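Structures incoming, each one as structure tokens.
The same chain A turns up in both complexes below, where it pairs with chain B and then with chain C.
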Partner chain A sequence: MQINMEDMNGVTIVRMNGDIDINSAPDVKKSFDTTVSEKKDKVVINLKEVGYVDSSGLATLVEILKNLRSYGGKLKLTNLSAKVKGLFEITKLDKLFDIVPEEEDAVGTF
Partner chain B sequence: MEEREVVVEVKDLVKDFGDRTVLNGIDLKVYRGETLVIMGGSGCGKSTLLRHMIGNIKPTSGRVELLGEDITDRYDAELDNVRKKIGMSFQSSALFDSMTVAENVSLPLKEHTNLEQSVIDIMITMKLELVGLRGFEDLLPSELSGGMRKRVGLARAIAMDPQIVFYDEPTAGLDPIVASVVDKLIKDLSEKLSITSVVVTHDMKSVFAIANRVAMLYQGKVLEVGTCEEIKNSKNPMVQQFISGSFDGPIHFFQQKDDYLEDLTK
Partner chain C sequence: MKRTSIENDSHLLKEVSNELIEELREIGVNEEIIFDVHVGFEEALRNAMVHGNKGSEHKKVAVETKIEDNSVTIMVEDEGDGFVPESLPDPTHDDNLLLEGGRGVYLIKHLMDEVRYENGGRRLIMIKYLDRQHI
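Up next is the complex of A and B:
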């Protein structure tokens, strides 16, 4: 799992590459520690290069959302493949997350 | 035509317990994504076959492959990796009585992963929602009905996102309505999560409610394998007797032995 973080006009953009599963989920969680401690309040996670998210990966994203919300931060997910979007729908998480088709759209709508 | 991926393969499996042969040359394949039901009367060897498929017991002869790995001669420690990819729902639910629902479901996650408790807690909520038991996290198994305990067992079986779930008599001891609920749950989990399911049962209503394919076992052999329609229309009188539940037919419950009187007077 590769995680790349970039700050663009006050929006933290996180691009992930690989599966978010039981092996990588702890690292994904850890990679947001600084974002949360610095209280970054506009975060976009781009999942374009993520092929699969298992339930530990979904739970990790929920935990990140909870942490951001604790200080009023907002999170948007973008570029989900049909397969990954299906996983969010099965678990009803599509109703919890703000899912936006493209990264550019998400950055401009905070 | 696209070739279907085999996820479990049993080859010429024989199992003897003492001088009794329980499985006698079983050949069976399970394909990815399907629900295969193994049906047969009590004592026909179907649970023994299931336990071979997950490497719990070793055959007298023959081979077992699970997710592409030959597990025939492997023992517990060597099976850890492949077992993380499967789930098992036991006939008795096999819950720990002293642990709450949440603790029972989270057990495999605590044993096999480095996930933080806060993430595990979210996963438990998601799994319990899938089996319709969200809100029951803090109850003990003794405070649940039989059907609820089965569903907790199911939630635990899918805790690690398994590729295959093995079910041993999932509806045994349940009333018909609760049995239907469990059947629907097995079907939903298979379809929604694309899980391969292997179900051992003698509950005919369950068989036709959940199966893509059915294998009928009798006296340690696979009598017939086919789709639900093929099994329903089977010309085999033993299959037909089992489906109809009729007393009369080629399957005898009691072994007729000629030495009864000799046995009494010896």
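Up next is the complex of A and C:
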């Protein structure tokens, strides 16, 4: 799992590459420690290069969302593949997360 | 039918599932079905290792896979205390959406075509119907 973070006009953009699963989930969670400790309040996670997410990965994303919300931060998920989006729909997590088709759309709509 | 017994190590989980996924790919199974089997199989292995065997390195997970013309059958059995699947809370209920756990069994039920538990919840048998592409 590769995680790339970039700040763009006050928005933290996180681009992930690889599977978010039982083995990578702890690293994914840890990669947000600074974002949360610095109370970054506008965060976009781009999942374009994520082809597989398991329930550990979904749980980690829920945890990140809860941490951001604890200080009023907002999170948007973008560029989900049809298969990954399907997992969010089955588990009804599409009701919990703000899922936006493209990264550019997400950055401009906070 | 293939039978194996694996150590309770989440890194082995990928090896076992990848082997089945490659076999399904080789016989031309539709990628959408492969994705469902991939998630279902790994969730089953993960549940067996983490919840069934409670991460114990002294316990193992038994696995059987059988590919037939129109289906793949997967059996995963742990050495834990068992559980009652019906007792799990519905992770899609509004009150439970923010819970971090509880989605593995739910995903299995929704992605696989037939799912049943035996041996007090220690043994999971699941079937996915296959749709092959012409190759």
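We adopt the following convention: the second predicted complex is superposed on the first by the 110 of 110 C-alpha atoms of A that agree within 3 Å, B and C clash if a C-alpha of one lies under 4 Å from a C-alpha of the other, contacts with A are read in each partner's own complex, and residues count from 1 in each chain.
Assume a contact is a pair of C-beta atoms (placed from the backbone, for glycine too) under 8 Å apart; a residue touches a chain by one contact, two chains touch by 3 or more.
It should be emphasised that the depicted structure is a prediction, and the values quoted were computed from it without experimental measurement.
Kindly say whether there is room for both chain B and chain C on chain A in the superposition, answering fit or clash.
With chain A aligned, chain B runs into chain C, so clash.
Quick one: is A:Leu58 in contact with chain B, with chain C, with both, or with neither? Answer first, second, both or neither.
After superposing on A, A:Leu58 lies in contact with both chain B and chain C.
Quick check for you: in the superposed arrangement, does A:Lys29 touch first (chain B), second (chain C), both or neither?
Only chain B; A:Lys29 stays clear of chain C.
Between chain B (first) and chain C (second), which does A:Ile3 come into contact with in this model arrangement: first, second, both, or neither?
Neither chain B nor chain C is touched by A:Ile3.
State whether A:Ile90 touches chain B only (first), chain C only (second), both chains, or neither.
both
Would you mind checking which one, chain B or chain C, touches more residues on chain A?
C
Quick check on my understanding: which residues of chain A belong to both its chain B contact set and its chain C contact set?
The overlap between the chain B and chain C interfaces on chain A comprises residues 21-22, 54-56, 58-60, 62-63, 90-92.
Where on chain A does chain C make contact in their complex?
21-23, 52, 54-56, 58-60, 62-63, 66, 83, 87, 90-93, 95-96
In their shared complex, at which residues does chain A touch chain B?
21-22, 25-26, 29, 54-56, 58-60, 62-63, 90-92
With touch defined as at the start, can you tell me which chain C residues reach chain A in the complex?
Residues 10-11, 13-14, 32, 35, 38-39, 42-43, 46, 50, 91-92, 94, 97-101, 103-104, 106-107, 110-111.
What residues on chain B touch chain A, complex-wise?
109, 112-116, 118-120, 122-123, 126-127, 129-130, 160-161, 192-193
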